[in-house]
Structures are given as structure tokens and as C-alpha cells.
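This is the structure, below, for whatever I ask next.
First chain written, first letter: the chains are A, B, C and D, and each begins at residue 1.
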Amino acid sequence: MDFLIDIIDTCVKWIPGWIVNPSHIRAFYAESLFIIPLMPLLGFLINGFFRDKISRGASGLVASLAAFASFLWAVLCFHACRGHLPEFDHGAGYLHRMLSTEPLHKVYGTWFDTGTFSCAFGLYMDQLSGVMALVVTGVGTLIHVYSMGYMAHDKAFARYFAYLNLFLFSMLVLILADNLVLTFVGWEGVGLCSYLLIGFWYEDGEKAAAGMKAFIFNRVGDLGFLLGIFTLVAAFGTANYYAAPHALGSYTLPVVAPHKSFVKDSSKEEGKREVVMMPDAPGLIDYADGLKLMGNADAKVPLGYKADGGNFDLSKTAGAKVFPAGWTVGFAISLACLLLFIGACGKSAQLPLYAWLPDAMAGPTPVSALIHAATMVTAGVYMLARLHALYLFSSATMDVVAIVGGTTAIFAALIGLTQTDIKKVLAYSTVSQLGYMFLGAGVGAFALAIFHVVTHALFKALLFLGSGSVIHAMSGEQDMRKMGGLRKKLPITFWTMVIGALALGGIVPFAGYWSKDAILANVLAKAMETHETSYWVLYLFACVGAFCTAFYTARLIGLTFFGECRASDEVKAHIHESPPSMTVPLIVLAVLSVIGGWWLHNDLISFLNFGEISQNAENEHVEWINLICTLAASFGGAGLGILLYISKVFVPKPEESKNPLVRLSFNKFYIEAFYDRGVTGFFSIFAEALHLFVDVLLIDFLLVNGVGKLVRGLGGALRKTQTGLINVYATGILVGALAILFYLLKG
Amino acid sequence: MNVSQLTELLPVGVVLISALVVVFLDLILSPKERYILPMAAMAGCLLALGVLGQNYLSAVQLYKSAPPWFAGFAPQSAGGYKTAILGGAFVIDGFGMAISAVALIAGALSVLCSTHNDEDSALSKGEFYGLVLLAVSGMMLLAFSHDFLTLLISLEIMSVATYILAGSERDDVRSGESALKYLVLGAFSTAFLMLGMAFIYGSTGSFSLSPVILHSSDPRNYLVIGGFGLLVVGILFKVGAAPFHFWVPDVYQGAPTGVTALMAVGVKAAAFAMVGRLLFETFRAPGFREHWTGLVAAVAVLTMAVGNLIALRQSSVKRLLAYSGIAHSGYLLLGFLINRRADPAVMEESLHAVAFYLLAYGVMTLGAFGVVSLTREDGRSLENLEDYNGLAKEHPALALCMAVFMLSLAGLPPFSGFFAKFMIFSSAIDQGFILPAVLGILTSVASLYYYLRVVLRMYMPEADSASASCKYAWTSNLLVYGAGIGSVLLGIFPHWGIGMH
Amino acid sequence: MDVTGMPILADAGLMDFVAGLFSFKLVSCLALSAAIFSIGAMGVLARRNVLVMLISVEVMLNAVMLAFVSFARAMVNLGPPAGKTFAAEGGQIFALFIIAVAAAEAAVGLAIVIAYFRNRQTVDTRDIKAMRN
Amino acid sequence: MLLTWLIFLPLAGAVPLLIVRDKNAREIKVWAILVSFVTFLVSLPLWFNFDPTGDLFQFVEKHRWITLKNLNAGYNLGADGFSALLILLTTFLTPIALLGSWNYIKDRQKEFYIAMLVLETAMIGVFAAQDLFLFYVFFEASLIPMYLIIGIWGGENRIYATTKFVLYTVFGSLLMFVAILFVYYKSGSADFAIADLAKALDDARAHGRLTLKEEYWCFWAFALAFAIKVPLFPLHTWLPDAHVEAPTPGSVILAGILLKMGGYGFLRVVVPFFPRAAEFYAPVFAWLCIIGIVYGSLMAFAQKDIKKLIAYSSVAHLGTCMLGIFSFQAIGVQGGMYQMLNHGISTGALFLLVGMLYERTHTRQIDYFGGIAKIVPTFTICFVVITLSSIGLPLTNGFVGEFACLMGAFLRNPWWGFFGGLGVILGAVYMLYLVKRVFFGKVIRRSNESLEDLDGREISLLIPLLAMVFVMGLAPTPFFKRMEPAVNAFVKASEGAHPTASAKPSMAALDAPAPAVSKRGDVQ
């Protein structure tokens, strides 16, 4: 790879060379971080405003170029993160050299400042966000290119690419944001784009509904996210991840870089109080690290306490009143993490908020590949990784994350076993894989989770694009039972998809194996450390999940490409290999899915040196046990799949199946039915009833108009006293007179 | 006593003389010259108004200070200003002047809105205008009188004249009926009034309205209080407060509109002058006060409730205005509520509020009746609600004025009614009568509904209703527009209306 | 002695009562006027004929006059109270004024009743309710 | 003089219309729009010459007006952050509303434009008045033109709607009227100037002249009037009727500005006058707001008429505003105020759009439409963008306001934040459901095939609104800066009840919850 590195190296030096003084190279890249999200935004604006002016080719080109430009710039900035440290080692691999990084951090201006809380437009690139940005822009570019072929016949071509670019923009904002609120901007932005793209063919009410469903499920999560932000702001008074970049230069100095910013007071053993140096206006992670250095997070540190003179000091404020009364930092952090995790569940389709993702397959296939497999759905994992320093404080939350992740992993995998729609299978496998990522994060191996994000992005995008190519060839058919025997007709698609399948199935040495295996190793290690049954169960789940994954992947390949073609004749007539604009991205991704795993596995993990990768995972008997289990699971699953669907092709009819388990799996455990009919139905009926009884009947009829009627009635009654008879009137006068006299004379 | 004191009463004299002049002119004028009569009558009123103002100003620049607002607070003289004349039979003070000014305005404007009746009707005869002027003179005397005797006489002058006026539409049955009812009930209530006077005379031995001071242990207290009660009955009748309000709707509805206007404004003003004199002077002593504050509060609330609630169900605008008149008497009564510690200064403020309310109410009511008095193409006057359908289309300006009157009567800013109500309620609340104020406000919420019904008719007619346009005399225009502008100005610059000090 | 003569009534023995029949007693006059007043009032309330009602009103006014003159008579024993003008004469003068007032009201009343009768040929209150509610 | 000019310019503009003949409608329209636009231009100094670091009230005018012995009402105008922004909102929306009524109002246009201009005068007056009496006069006066606008140019059921509207409002404001007088005499204030009254009330409270019981009663009398105007939950039923019946411009003004008078009243009068009562009843109101949010959203979900749906959504949105205000946290109050502006913009725009749809199809029934997105793309884009702003998508104005409101609520009491936040979900539910039913799916009516897209006029009057959506979404800081002094004054006033108010730490950046901390103890 090194020649590549050198090219990048020279670019990194050369580009700013004729713009700024070379000594400010990193400053330059920090300044120019904004270019990464800006490019797709421009693409969006161009395609959006001139959607009916510019030609189809032009709009596709603009969009793809925008994506590619931001990819290139991401590469350069990523490279520019490199630090200049004594232990800098030329011998090591590229990523090794990246080990010691200094994040690029630039605040471009305040977004809103209410005087008591302010939030900035700031971008932040470190290893984590850099890797994510590379994945997003890279895969994104490929999918843009692919789309130019896939959507060639669609009339709303420009609109499609506008949305796609808007998505890239939002996703990059999500990733590069330097504070939670800005992350939330991207968070909701990608939600919006997914809404728009799922419902892209809005003439079909079903698809529009699917988009709506996705957005609403996401909103449920977003509320959690918002409340999480509130809790953190209530606790720490800020939503920034890290302290604002130092005034000198526009890039962060080592002083405020998170891992070096704390100096223990050496005089501790003399019984002096513990003092932790903090940067001014520390960010959430700074606070977290500070607390970590101080040990106990359950101390009654006053939340929102601003470090004065950089001293984050326990004794000065011990027992001070905490918000709300009785909250400790630990509790606040756990609560915040839990709430944020709800947001992650919504975005990353974990139980119980996963139900939107399968429906999201209503969108165009490239969209499914980009948004609902490679990038957006992994935002949750990214957010956890970004806040790992906080998550590591609350073991309870971590347990929750692990349990939810593991359960989702096996749950979705079981559903995937019996689906017949090719995209649905992939969708459930995505949910399941996301489950693995959360499982990994849950046991503290955030780096592995991100690693799995990366590999998964590669092979799942590949699979989706491949299935897209298949669907393209089958002129829109998605039911695998109507396919078969396509491997001759679509050789490129076939081979690339096989590679993707192997990767997904976790077969050595393809990409999927490395990440998944490592995650399982950590789960096992965790189970061994903490002899808790729950972790053993999770490990079991994970293995079974792996088995299922391998099985349904084999099933997918078998049903699609082997046996004889089961399509109708006129469909058969049209079957053809896709144009190069579609096959090239397939090939690129295929290559990456082959080599990605071993290329990255050591480097990336050590490079993303955060989280707590269990030491036990290194000791070999854990490794051996795990290796055996995973290999057994994946090969077993794959073998069974091959037996059933490839050597002798068996066409499943799950809807007629008598087997209750099959029915359960095929009907997705009836959960989505519950959401679609139960919840929605109840909601609308409840609303109707409320409107009828409270608004119309109680308030309006009884209270408002009731009072009116009452008064009118009273008037009518009094009116009757006006009889017109002089005698009566005189009587009135006399009675009045007597009453007055009585009143006056009684006392 | 010397004659010079009579100059203080010159305005009344002017009115009386012009009454005679009008009657005399009626004899010598040929029918087609009759249009002079109302002019003459109005001229009389305006002249009297001028003289009144002249008296006021001369007093101001003679004694370097306005005449005392209420003679009762400055028994004989304030800043050398002799209030009492003719041996205390009359007092000349700001309050009286204000009331008589209102009476004069009422007289002038009610003449205006009676002129356009067809020739042969009794209303175009001289004696009609003569009687109007006579009634006005009665009101003015009532406003000034400071003695049971003069009180009775002026009350009778006013009442008898209005009895006749009410019935002056001779061939109209309803006019006659209203006259009858008014007469019988009026006489009936006057009897109570007189009996009350008798009791008070019997216990104090004097007719003067100056404060009655009796030791609480004095057995004659009973007699005085009884007499007071009977007096109150007589006066509340004139005021039209519940439960003595029964005559109001029938009489107002039956009487010719001009006369109704006169009664609604002038008679009410004069009656409230009486109320003021009695409550704030004669029976001011705390011993009495604690008796009557509760009474007045109760009557006020009852009156407001009755007036506003019944008005909700009226289909005749004239009758609706009658009921609203009852309600407004209720509001006015609130102005007389004072707590036991209140000193003359407070009472003066209350009287200011009352006077301003009467002025504002007079202007808008006269305007409203002016609109009512307009006759449609088919000869009927705009008495019924459905006559107002789509008036805004035919006569936007007229409709606008009517809307202003209605909203002003409802007490919405920025019209005079609002500020009048504001002052009344402020004095009541200032004196700590929160509950009556709240109840009154609640009834006035209801009142908004029926006032808006008129606006509704004018601006938002039902689809099927046939809108009838009306023909009208320039006199009524003058009246209506004048009143409209007046009620806006009084709303925005109320202190102009309260220039009495 | 008290002008109201209440004490006299209070300790009225038989002889006093007999004597009272022939000597002026304010209270008895007042009682009489009250009786007349009530009769008049009842007349107004009960009778249907407007003329009769007017007559009843006159009766009431007479009762008032009686009250006035008897008060005046009682005042004679006192003489005018300090600082007040006419005390005793006042009542009688007032009575005269009431006569005048009553006369005026009667005249106007009759005129109105006649005018109404011309139109409707009735003076029964039950027919005089063209306007109500 | 600026504020006086602002108040009376529209009125003066209305005068010439009185004499113009009704039949040259075009000139009338042009003139009215011109007048309102000039008013907008004249109001711009409120933004540019308003100095956030200057004193609290700027553009102050003080004249004696009614001076009686015991009653002394002055003509006091002034603009702090709240007033200035709301006045700007008024002058900004009115021309748009008038332009929006170009084709909508067919008959008696003269009267209509007169009414609109008079209404503008009244509204500006309400926000500019710093004298309680003057404030009340304008507050009530604004009813009359609105009453006519709904009643004359409204739909079938207009009479009921308009009468309900007026009676509802007057019921509240007349009780307030009594309370005003009571407060005036109790405090023994020299005049009706709001600031003086507040001061006088403070020492009346200090010297026990104003008992707690009295304060509570007055608080309710005031609060009722403004709660009806807002409207808060149980008092909201006039709103849907009024909106459904009102003509488009009427709805725009009603939703955009008239409702804000309620919130403004709380900010300007209720809380500063009765801090103890406000602090005591804040939970009650907060929960009413929360009920309003959830309930309003459910109602909106259940509606079949687009306008009614939006009307109920207003109930929910203003619930959020008031929740923010009743948190008495600086950020919450700012959010509440900001959300009021947002609501004015986005809901105004929604009503305009619905009006345009109505002009084309003469129906507002949701199920009449469906799939019209591909027939009227521009219209759809505008509608969707506004929808997104009204469900508070980040980078649109809606988000910032909602975020700040909810954060304020959360800082005061996490549960308020949570339940109030349900609006975030429900808002998306009913708005997107609306969008789906109206714009997406197949075209169900043949007649809809021939809908024509927005014309130049409509686009031109939507553009400023759309622009504001993003301007206020991307650069809220100038707005916040202008509000900040007023907000801090408000928060300080709201803590009048707290003896420890002075112990409150400074409002340094990144220090948000510290005031919360100091306050929390006695709230929990």
C-alpha cells in the first residue's frame, strides 16, 4: 500500500503548499473540514433547484462527483490527522502510523446561543469520525455511480440524486459534528432523507406509508436522543464532545487532546486532595475522562459544575446540591446513556424499534444499500463509540446494550431464515448484523463494533447492490422463488454476490469473519470474566445467530443463482447482465470484502484504541474456543444451506408450512403486525373517541354551549315575569317596597 | 333672598320660556312653517346649555375655582361660592350642572329624532316640543333641588310631562298603553315617595336634604329609616331598577322613539341626581350608610342580571334597548357603593364616575334610538331586529354608527361605554365591593351577546333575509353621526367628558 | 313627650285609651293613614279598571296628606327644631302641594285614559297588554 | 415616535379607504397592501436599531393620557425583546396575509381591508403598550375587527364561530378587567405603567398589603384571560371553529399573531405581577400545557378537515411554548418566545397554503385529495418544507424553539421534558400522515388532475416565509440576543418569590443548569 500512502502524503503537503504556509498544513485541513460535507450539499442544491433544467446524465454526474470530491477530501483530512510524535515509526504499516493522532477540530461559528446554552457549528475529525467519513463517502461514491445505471430509466432522476446527496451531507454532519446537538442535526437529517428516499416512488401509497413509518419510528428514538442531550446538558452544562480547540492555530493542541489532557497531582499519597487538570470549558468526554481519573463517578459532583481555573475538584463541592436533588454524576450519565441508546435503537433498528427497516426496502435498491445497510443504520453504533467514555461509566447501560444487541442479532436472523423476498432477507440480516455491533459495543469492544461497521458496510452494500442488479435483470421481481439459475446469465453479479455472501456468512478469510469473530471472542471473554449467565446466553445467541446467518446466506445464493430459472418467459427474455456503471462498483466492493478483513483487522482495532478490548480475548484458549464455535456455526450453517438449496434446490413455501416455528419466523413473530394494526388502529380509534367525547361532547356541548343555553333559558324564564299586566307590575313594586322595608328595619 | 340668586337658575328659566315660545309659535305658524318648531325647541335647549356653561365659567373666574362638585360636601359655601339659593330650596353645584347638561343634551337630541314624523301626527304639534322642554326643565330642577318640596314639584313637572309625551302618539294604541302604564305605576310609586317624605319630615321636622343626624338610640331612627326605604322605592322606580323595572320595557317600547330617548337618558339622569343627593348627602351618616350599601349592592346586581338576561331574548331593538337601559341602571348603581370609611373625596369620585357614565350612556343611547327612529321605506320604523338585515350594505355609515353604539353599550374599548364602565367599576372595586363587580362583569359578558346580535344583523345577514333600506331625515343623520363621533371621542379622551372640575 | 307618642301607647291604661279616643294621638292618625294607604295600594293591585286604579292612587295620596298634617299637628307641640325653618306649617303646606300634584296627575290621567278608551273601547288592564315579555 | 408611527400608520391608511368606492377593488387592494408594506419598512428599525446590550426598553414614549384624581393612565410605549420581535412578526405577516387574500375575498373588499388594517393597528398597539390600561384597550379592540373578519367573510358556520370566539375571549378579559382594577388599587400604584404596577405590587407584597389569597385570585383572573387567548388545553375549543370558518388571511393573522397575545400577556403581565402565584401554579399550567400538547396532537390526528387539523396543531405547538415559559428557566423562556415566532411563520404559511388549495378546489376535506404531489410539485415542496419546520426538523426554525422549550422544561422537571417531548413524535405522526394522505399515493379524483400549480403571486408571498424558516433555523442567535435581556428580567421577576434569587450564579455560557440547581430545591 505504501506507494498509495506516499501519493496521499505528497498531496497533503502539496495542496495547501500554494495556499498557506506549509507549517500550518494541519491548520489548513482543520479549516477545510467543512469541504467534506459541503460538496454533497452543493450537489443537492444544484440537483434540487435545477432538477427539471439539467439533463439526466449531468445530474448523475454532478451528484457522483460531489460524493467523490468529498471522499477525496476526507482521505486528505484523515491523513492530515497524523501526529508528529517521538515514537513515530516509519516501519509500521500505514494505520500503525496513524496510531497517534491529533484530531482536527474547527469551530466555524455559533449556531444558536441562548445566553445560557450555546451550540456551535463545529467539525471534529479523529480516528473514529475519520474512518466513518471514509466509509460513508467511499461506499457512497460507489453507490452514486451504481445508481446512475440502476435508476437510468426513472423519470425523477434529478430528484433522486438530490436526495442522495442530501443524505450524504446529513450523514457527514452526523459523523463530523463536534457536539451532540449538531450530531442530532445530522441524525434527523438522515432520517428525513431516508423518509424521502423510501417514499421515493410516492405514487405507490404503500411506499409512502413505509417512508412515514420509518420516520416515525426514528422519531421515537429521536425523543430519547433529545432527552439524553438534555440530561447531559443538565449534568455538564455542555453538549460538546471535547473542549473547544485551543486559540493557537485552528487545530487542537495536545494539551486539550482528550487522552493527554489530565495530569494527576503527584502529591496524592501525602493525603492531599486529588486535583485533576481540566481544559477550560471541557467537553463531555473531557469530563468523563476527568471522572475516570478520579475514580468514582458516584461522588456527588454538582452537575453542570464549571471547572474553574481548570481544576475539576471533588472536595470543594462534595455533597453540594445536585440536579435534581439526589442525582449523582453516575446516575445522570447512566440515564443519559440509556436515553441516547433508545435513539440508537430507533436509528439502528434494534429491538423493539426495528420494525421500520424491513419496510424501508420499499425504496430503490441502491438506497437500501447505502442508507439501510452501509451507513445510516450504523449511526447508532457510531454514536455509542463516540460517547464510549461515558458508556463505560455505567455498566448497567452496557448490559442493556449488550442484551438488546444480542437478542436482536438472533431474533432477526431467525426471521431471515424463512423470508422469500431477496431484499427482505438482506434487510433482516442487516438488523441482525447491527445486533452484533451493539453486542460488541455492549461488552465494551467499541473498536470491534466499528470494525464490524466497516466490514459490514462493504459486504452488505455489495450484497444489496448485487441483489439490485438481480432485480434489475428480473425486471423488478424480488421474490427469490421466481428466480434461480441466474449464475450463467449474470456471471459478474453472481461471483461478486458469492463473495459478499461468504463475507456475511463469516467464512474465513472474508471480511465478515474477522470482525464478527473478534466480537464473539470478546463476548466469550466477558462471560468468562464475569461469570454471569446472561453473557453466556448472549454468546450462545451470537453463535446460533452466526449459524442462521450462514444458512440464510447460502439459501439466498442458492435460490437466486442455482437450479433452473423459475421466472415467467417474458421476464426470462429480458434477463441480462447489468451495465458497467453497476458492475464496476460491485467488483470494487467485492475486492474490498475479500481483503478488507485481514487488511484492517489488526491495524484498525489497535488504531481505534478506545473501548476496553478484553485482555482475556488475547489469551489463546479463549481464542481457540471461540474459533471453534464460530467456525462450526458458520460452516455448519453454510453447509446446511448448501445441502438444502444448492446441491438440490428446494423451493420453500413458508406461508403454507405447517411447522409453527416456520410460520412464526415467516410472520416475523407477529410483531410488525402488532405495530401496523394494533398500535396504529388503537391510536386512531383512541384519537377519534377522545375528540368525540372530550372536545365535542364534554367541553363544547356541555360546558361552553351548555352554559350559553343555561343563560338563555334563564333569560327566557325571567322574560315570563314581564306579563304586561299593570296589576302585576304594581305588585312587583309593592313587594319590592316591603322587601326593602323589611331589610332596612329588621336590624 | 334676592333676585340675583335666580340667575343661577337662569338655564331652567330659558328652557321654560322657550317652551312657552314654542307653544306660542305653534299658534301663529302655518302648517308648512312648522319645521321651525323643533328648531326653536332645540335652540332653546342649546341656549340653555350655553347659559349653563356661562354660569359655570363666570363662577369659575369669579371665585377662582370651579363651583363645588357636590353641595352636600360644602354645605353653604366653598371658596365663597354660594351653592344654596332660595333659602336652601335649590343648590347649584357641579353635579347638578352636569346632570342638567345631560338633560339638556337629551332634550335637544330627542327633539332632533322626533322631527321627521309625518305632518299630521301629534308629534309635529307645538305642544309636543313644549312638553319636551317642560320635562327637561323638570329634570334640571330635580338636579338642583335640595328640598323635599322642590324635589317633589320638579319630579312631578318632569313626570307629568313625560306621561303626556309617552301618549302623544294618540292614534297609536301602544303609545296610549305605554302612557297608561307609566302614569298609573308612576303615580303609585310617587305615593310611596311622598309617604317616605312624610315620615322623614315627621321625624326630623324639616324638608331639607341636608344630612339627617340622629343618635342611633333615638327611636325615631325607625321612622327615618322607614321613610328612607319608601323614598328609595320611589326613586328606584324612576331609575328603573329591579324589582321596580317592569314599566320600563313596555313604556319605552310604546312611546314614540324620541320620547323614549328622552326618558332613557333625561329621566334616568335626573333620577340618579336624586339618588346622589339622598345617598351621599341626606343619608350619608355612617349609621344609615351601613344600611343602604348592602341594599344598593343587592339591587344593583339584581338589576344588571334581570336587564341583561331578559334582553338576551328580545326581538325588538327598542325593547332590547329598554332592557339594556335597565342593566345600565344597575351598573350606575354600582357607582354609589362606598364603604364605611369613605370620605367626601371618595364620594366625589364616585359621583364623577356616575356623571360621566350618564353622559356617555346618554350619548350612545340617544344615538341608538336615533337609528331606531329612522323609518323604513314601508313606513315602519327600524324597531325589529330583522329590519336591520344588511343595513351595512345600504347605509354603511349608519350601520357603522349603530355598531359603534352597540359595542360602546357593551363596554368594549375604545368607545365611551368602556371608559364609563371602567370608572364605575373602579370606584366600586376601590371601595372593596368585589363580588358585585364580578357579578356585574359576568352579566355584561352575557350582554355582549345581544348587542352583537344587532351588529350581526347589520353586517352578516342570513342568506334568505330580504334587506330593507330606510329613508331618513338629515336631522337624524346629524344626531346619529354626532353621537357616533361623540362616543368615540369620549372613549379615547374621556377626560374631556369629565371637565367638570 | 315624644313626638311619636309611642310611650303613650305603651303605658296606655283603659282610661287613657278612652281619653285617647277624643284627644289627638299621632300614632292613631298614622295608623289611620297607613290603613288608607294600604287600602289604596290594594286597590291598585287588585282592581282591573284603570280608572279605579287611578282613584286608588288618589286615595293613597290622601293617606300621605293625612300623615303630613298629623305630623304637622304633632310638631305644633314641639315648635320648630333648632336651626330648621318651618316645622309645623311645613307639613300643611306640603299637603297643599300634594293636593295640587294629585289634581295634576288626575287631570292628565283622565285625559290619557279617555284617549286610550277612544282607541280601544276598554280600560280593563287585562286588555292593556299589547306589549309584554 | 417610531412606535406611534407604527401603531397609527395602518389606521391612517384605512381612512382613505372609507371614501373610495367599493367597485374599484383593485386599487383598494393595492393601497392596503402598500400601506401594510410601508408599515413593515417603518418597523425595520426595531430590528436594526435595537441594541441588545442597551437598556431593557427602547423606543420608549411616555405621554400623559387620562389623568384623573384616582386614575392615571398614560400613553406609554416601549419595546423590549419580546415586544420588538412580536411587532416585527406582525408587520411581517400582515402584508403577506393581505396579499394572500387577493383572490380569496370576493365581496365587500373595502370593508375587509379596512378591518385588516385596523386589526394591525390594534395588534401592534398590544405589543407596544407598556401601560396596562392602554394594553387592555388594544387587547379588547383587536377583537372587533377579527369578529367582523370571521363573521362577514367566513364559512357556513361563521356566525356561531365568531360569536363563540368573541364571547370566549371577552369572558376572560372582562374578569381580567376587574382584576386589573383590583391590582391597581391594592398596589396603590401611581399610574397604570406596567413597570410601576409591578414595582408597587412587589412592595405591596412585601408589606403584606397584598395577601397570598388575593394574589392567587388575581393571578387566575389574569391567567384565564391569556390562557383562553393562547389557548391552553381546556379552553381551546373556540380555536378550531374560528379557524375553520375564518377566511385565509383571517386564519393567518389569528394563528400568527392574535394567539401570541396570550403568551405575551403571560410574559409581560401575569408572571411579573404575581411571581408567588405563578411559581405556585406553574406545575398546574405546565401539566395543562403537556395535556394540550398530547391532546392537541391526538385531535389533529383525528381531523378530516385540513384547516381544523392545523388549528389543533396550533394548540399543541403553543402548548410547547407555554411549557417553555412556565419552566421559568432562561432557556425555556427564550425557547417559548422563539417558538411563538416560529409558530407564527410556519402555521401562517400552512394556512396560506391550505387557502390556496381551497381557492382551487373549494374543499378542505383531506380525503378529497390524494396523490396531488405530481400534479402540483412546487406546491408540494413548499407544503412539505413548512411541514418539516412545524415538526421541528433541525436547521429549520421549528427545531431551535422546540429544543430550547423542552430543555427548559427538562431542566425544571425531567418529567415535563419527557411528556412535553411526546409532541416531537406525535407532531411527526399527524403532519406526515396529513402529507401522505393529501400528496402521496394515487390521484383519486379526476378533477384533481387539472389543478394548476402555484402562480407568481402565491410563490412570491411564500418565499419570504420559506426564507424565514431557514434563516431562523440557521441563525437564531441574533433573535436570542435581542430577547436575552427581557428574558433575564423575566426570570428574575419570576423568582421574585425566591429569597435566594440573588444567589443565582451568573448566566455565563456553558453554565446553564447552575441557575437550575439553585432553583431546583424548592421546586422538587
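The working rule: a residue touches a chain if its C-beta (ideal position, glycine included) is under 8 Å from a C-beta of that chain, and two chains touch if they have at least 3 such contacts.
Because the structure is predicted, anything quoted here is derived from the model rather than measured.
Under the contact definition, subunit A and subunit C share the contacting chains B. Contact tally for B-C versus B-D: the pair with more C-beta pairs in contact is B-C.
Mean C-alpha position of subunit B lies 29 Å from that of subunit C. If you average the Cα atoms of subunit B and of subunit D, the two centres end up 43 Å apart. Taking the mean of the C-alpha atoms as each chain's centre, subunit C and subunit D sit 67 Å apart. Subunit A and subunit D have CA centres that are 37 Å apart. Contact of a single residue of subunit B with at least two other chains is seen at positions 180-181, 184, 188, 249-250, 313, 449. Residue positions of subunit C touching 2 or more other chains, listed in rising order: 41, 44, 50, 53, 128-133. Multi-chain contact residues of subunit D (touching two or more other chains): 167. Chain contacts here follow an irregular pattern that is not a line, a ring, a star or a complete set. For subunit C in complex with subunit A, the touching residues are 41, 44-48, 50, 53, 125-126, 128-133.
By the touch rule above, subunit A contacts subunit C in their complex via residues 719-720, 722-727, 730-731, 734.
The part of subunit B that touches subunit D in the complex is made up of residues 345, 349, 352, 392-393, 396, 407, 412-414, 418-419, 422-423, 425-426, 429-430, 434, 437-438, 441-442, 444-445, 448-449, 452, 456, 459-460, 493-495, 498. On the subunit D side of its complex with subunit B, the touching residues are 66-71, 108, 111, 136-138, 140-141, 143-144, 147-148, 151-152, 158-159, 163, 166-167, 170-171, 174-175, 177-178, 181-182, 184-185. Against subunit B, in their complex, subunit C makes its touches with residues 2-4, 6, 37, 40-41, 44, 50, 53-54, 57, 60-61, 63-64, 67-68, 71, 74-75, 78, 80-81, 84-85, 87, 90-91, 93-94, 97-98, 101, 104-105, 108-109, 111-113, 115-116, 119-120, 128-133.
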